[in-house]
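All chains are identified by letter, namely A, B, C and D, in their written order; residue positions are counted from 1 within each chain.
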Amino acid sequence: MSSTPKRVGVFVCHCGLNIAGTVNVDEVVDRAKKQKGVVFAIDHKYLCSEPGQTLVRDSIKQQHLDAVVVAACSPAMHESTFKNVVQSAGLNRYNCEIANIREQGSWVHEDHERATKKSHIAVRQAIEKVNLNEALQPIMVPVTRRVLVVGGGIAGIRAALDVANAGYEVYLVEKSGTIGGRMAQLSETFPTLDCSTCILGPLMVEAYRHPNIKLFRLSKVEDVKGYIGNFKVTISQEPAYVDVAKCNACGECAKVCPAEVPNEFDMGLTWRKAIYTPFAQAVPPAYVLDSKNCLGLLPQACGECKKACDKFGTSCINLDAWPQKHELEVGAIIAATGYELYDATKLTEYGYGTNPDIMTSLEFERMLSASGPTSGEIRCPSDGRVPKEVVFIQCAGQREPETGLPYCSKICCMYTARHAMMFHHKVPDGQAFIFYMDIRAGGKGYEEFVKRCQEEKGLLYLRGRVAKVYDENGKLIVRGVDTLSGKTVEIKADIVVLAVGMIPSADSHELASKLKASLDMYGFFAEAHPKLRPLESPTAGIYLAGAGHAPKDIPDTVAQASGAASKALDLLSSPTLEREPTVAKVTGELCSGCGICIPLCPYTALSLSPITKVAEVSAALCEGCGTCIASCPSGALTLRNLTDEQILAMVEAIVAS
Amino acid sequence: MTTEFEPKIVGFLCRWCSYAGADLAGTNRLKYPSNISSIRVNCSGRIDPTLVMKALALGADGVLIAGCHPGDCHYTNGNIKTLRRFKLLQKMLDQFGIERERVRLEWISAAEGDRYAQVVRNMTEQVRSLGPLNWQRKMEVTA
Amino acid sequence: MQSYLYFPGCTLRATARDFDASAKATAHALGCELKEMEGWLCCGAVFSNVNDNIMTKAGPNRILSRAQRESSTLTTLCAGCYNVLKRTAFHATHTLTPQQAINTFNEEQFTGGVEVLHFLEVLRDRIGFDAVEKAVKAPLNGLQVGAYYGCLLLRPSDEMSLDDPNRPSIMEDLLARLGCTPIDYPARTQCCGSYLSVNSAEPSEALARDIVQSARKSGAKVLAVSCPLCKYNLEIGLNTADSIPIIYFTQRLGRALGVDPQQLQLGEDQLQRIREAQKIEAM
Amino acid sequence: MTKQKLAFNWASSCGGCEIAIFELGTGLVELTNKAEIVFWPAIMDYKYQDLEAMPDGNIDVAFMNGAIQNSENEHIAKLLRAKSKILVAFGACAYTGGIPALANTTSRDEIFANSYKETPTTVNPEKIIPETKVQAKEGELTIPEFYNTVKTLDQVVDVDYYVPGCPPVGEQVSKVITQLTEGPLPPKGSVIGASDRSLCYDCKRVRDERKIGKIVRTYQTIPDPQKCMLEQGIICMGPATRGGCGSPCLDANMPCRGCYGPLPKAIDQGAKMLSALSSIFDAQTEDDIQKIADGVADPIGTFYRFSMGRSLMRRTKR
């Protein structure tokens, strides 16, 4: 606490009409002038603009201000901006406080008088607080110059490669037996129709071979400790039971394996063995044994694969392998957890699951793929006949509050057009019907692509929703409405394809809570700011890439991945980083060493000194949450620049008004 | 009373979830009564019952403590520690005769701008119908 | 004897006495009773989606506030009444309606303390289909019955929550227990035209024809319904050639339980038509 | 040298603080060599007139114990203030309200109803309750007015020093008297005769892990004399209470009840203790937390046993 009262300057922003439209700025300025300690108060149209910042900087010098209160938008927006201004004017950056009169003022109140009164209160709060702020210097901590990438899809691969190519080590964690993710399952990509695996494959290999990238497949993040620049991550890894170095993928093991399970790569349209290669281009190019579906390892139930491998193969199978734990230290983490499809069985009106010829877009995708169950031929799953009528239902269960998916998955209009076109190329005498709500083809070359499809004969776009899909005497009937002709239509279909929505992958919630990164209302990773910081989580040191953040197509995903990588590189570029010094502090003479606070600290920043018997804080570990302060029965603990005195001064500012 | 009573509500909002949620309410231009003024703290775990009681003693008619949903705390489980304190505090405030509607603990995530607005509307109305708390005067009453 | 507070509704006291009678008889045969509630009145017939329209809400709320005094549940038969009452209770408990205003107007308090049940729910969740099956005396060997739901029983699904609005099974499950062969046909959840038939017959007749044809195509010989209005719409305006015998599920149930047709108010003509339709001595 | 003039008086209290002075024993005799006791109704027949007769500032140090619960208490407090150079709030009641201030959880009417009507032993057929004035054949009789809210001494007059304790322990009393009679004087408003750290600092009991799975009341168990009371689930006010008492209660295997009052930086002793205690509840879910919290039978009576008068809320809403 400063002994001599600070000379405080108050700056009130109009933010164009955002604030001034509701709040009487002049009145806020006048009333601020009357506050104790305030020697200067002025308003400005846009304080965050260069002239605005200059005004603050110059006034500090001319008016000999010790402290500054900026009444403007939320501190989440420009707190650092104005702290920097204050610093550049030669004051300690902690002599600056923000009064939030926009997000929690002008924007939420209609009554001008009340909005103005509340803004005045906010200003008073800030004045009270800044008066009691102490000048602090940032705490410097070292940065571990390594990056963890979670998720081995195209986003994870791209981000890992960018960081690795910049010369930093990367840990790439993937839950399945290979990297590649969803993109590897795709047949072609819109709008250029180039073969998905052909463009992905080389990247997979590059990532796998890259000296700076260490791949942990069959792995998941177990635990995350620490903070930006200094994360300690525990990875748990399932064994592959196959020695990658020795395996030459001869496949003898799979031949003899008795355990058959649906092949997730083919969306369950085909079967695979318990020992298998996920797909042809999988890296590492070796077989994997999935212990969940193996007849038994502990105790060993069959062991046929090992026998076969020892006999015909390179005896690379070790059935006694154990799961491993890896302790990793990284400075930044990139979350690239990707997406899954909404459970189509929940959309009972479309009858998915009651008839094999009703399929999801990703199942249809597999059927289009040369590496798919039908090697690229389109057949009805029910009886293998070539379908003549195929109905595509866009927005299946999407843009629909009832299903919990009010959002648009962004890619469906495009891939459905592609699907219809591919179908028509493969079955020239076939007829494709596409039910759509509206076509969203924003993107380079997208609109042109859709137009091409729409003009192609044999593709019929029907604007409207499908009411139900039902089976009448072995024939699929699609009943919907064509809102352009205003008629209900009934279509006899051989195959019905549902463009179901993208949802965050199942384990992203678990990862988020370990990373302490917040999610949005749908379970996608939340960004720090939708416009200004779309690549970062609000939690420092966590960066976002791909469809785990929001539904995205491949170009957007790759772009965001490179963006996230460069954000991480920005952090790694310096060996140390500054941490907020607003941490807990103990007044030794008042502490009795009762120890109540010790177990409350999630960061073990508190300890009892063996010599003095009283509590000590490790400033480097403290995150400044303040829970220990609230618990301290003797008031010996305080939070720098958010002391009880300061909070109560703010409370008084509120109730005294 | 000639003019309607306008309660004074002090809001302690955690920086990562609830304050961000309150900001989101603003970004979405949701409207709620201006009776609440917020104080941004890093974590709801910072809130010492002393601060709540002092606020009431100083003349606040209601106090809202808002933090992240359990499991989502930016500091692992600061909100759980708040919940522990709050449960016992609530029991004691009952003894003091302070209605539960006046002191509330709510979980509001950064995505729940609408929820924040709703909570504030609802709480303001409840406190308004309870009338002023006026603790200062109650303490002075001797005769 | 287990007793369920019961709301008959106007139609069951007029054109659909057989529904009322057969339900009471079958309930009795299953060892419980439908106890008619004190001072019931018209449910309002249509649930108004305008929530601040207190007038349309007053009636059903009054019914429920009275039921509340007698029991924690209220059992209904008519799909229309069921829809109105269940939604009224739902809106009250979820305070979607200005409950305070309604109660003040009614001078009767309804606070949501009544669970509105359809007799089908009673059979499924309270008595249990197993118990029903045990009580079957005259199994209807393989009689092909199509269950017709219409819309009011099932929609809006989040408020009615009786069964899946797209693929319901509660009636089929019951019929199967009685020895029938339930017929699944696409139109069983389609709208019957409801009050359209009052002012313009054609569209509702068209709808009815669709439904009946769809049922016949799939091999149904008889339709079981749970709504007098549906029954009316499906019967009227179809010439006997493309019509199909339509009875209340309670009558079907009653027969299986060996209740005398008189008690079920199954007219001889009805029985006759069913026999013809079904060429086998199932009834 | 002229002897220092001392005064002792009690307001609303049990008299334990008077006894505490006798703990000086023979020291009392030595005291009278250095100082002259000019007013001490508890041991000698002083009259209020004697006090009123004194010129202002006549007394050097006045020790006032007891809370202010009626108009007489307040009148004498003011009188004593006027007549003394130094006024000391002596003991928990004068300093923080003490046990009498627990009356603030009810009201005058309830107290009267209870004491003069409801208690089984009361015989009061006419249901008479005390009036400040009554007409009798002797004329008008008056008694002091009973207050609805009990106050601390410094809520009615300006106080120079505070001595906590119920009662202040012997050696602290002699220290205080010497300090105030011989100087050097501490800054005005100081709490004297106590430590600035909590009782835990002096506590000899062993601490292991700071958590509480269940609240245990003293009658339900015989505490392990070696282990920290809190860790045995017994509510011990030690962490939130000034040390300096020498922890006699804990030595007698009873938890601290908080008579030495709040710590220097603690705004409210009860709130601080409540926070400290609940913070270490060993529960994660709302229900489990509630279970433990329910174990605290009477929060106010527990956390404010001695400090209600000086608490933030000061009384309940009546």
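Quick notes on this one:
To be clear about the criterion, a contact is a pair of C-beta atoms (placed from the backbone, for glycine too) under 8 Å apart; a residue touches a chain by one contact, two chains touch by 3 or more.
Everything numeric in this text was worked out from a predicted model, so none of it was measured.
The most central chain, judged by the distance from its Cα centroid to the centroid of all protein Cα atoms shown, is B.
Using the average of C-alpha coordinates as each chain's centre, D ends up farthest from subunit C.
The largest tally of C-beta contacts between two chains is found for A-B.
Averaged C-alpha coordinates give centres for subunit B and subunit C that are 49 Å from one another.
The distance from the centre of subunit A to the centre of subunit B, with each centre set as the mean of the Cα atoms, comes to 31 Å.
Spacing of subunit C relative to subunit D, judged by their CA centroids, is 74 angstrom. Between subunit A and subunit D the centroid-to-centroid distance comes to 58 Å (mean Cα coordinates, whole Å).
Listed for subunit B are residues 48, 50, 54, 77, 81, 85, each touching two or more other chains. Counting partner chains per residue, subunit A shows two or more touched chains at residues 600, 627, 630-631, 644.
Within subunit C, no positions touching two or more other chains are listed.
Looking at which chains touch one another, you get A-B, A-C, A-D, B-D.
Contact residues of subunit A toward subunit B in the complex are 74-76, 100, 102-105, 107-111, 114-115, 117-118, 121-122, 125, 513, 516, 518-521, 526, 538-539, 600, 602, 623-627, 629-631, 639, 642, 644, 647-648, 650-652, 654-657. Residues 8, 10, 16-17, 19-20, 22-23, 25-27, 29-34, 37-43, 45-48, 50-51, 54-55, 58-60, 68, 71-78, 81-82, 85, 109-112, 117 of subunit B touch subunit A in their complex.
Listed in rising order, the residues of subunit D touching subunit A in the complex are 196-201, 207, 209-211, 238-240, 243, 263-267, 272-273, 275-276, 279-280. Note for the complex: subunit C touches subunit A at residues 158, 164-167, 186, 214, 217-218. On subunit A, the positions that touch subunit C within their shared complex are 348-349, 351, 354, 402, 468, 470-473, 477.
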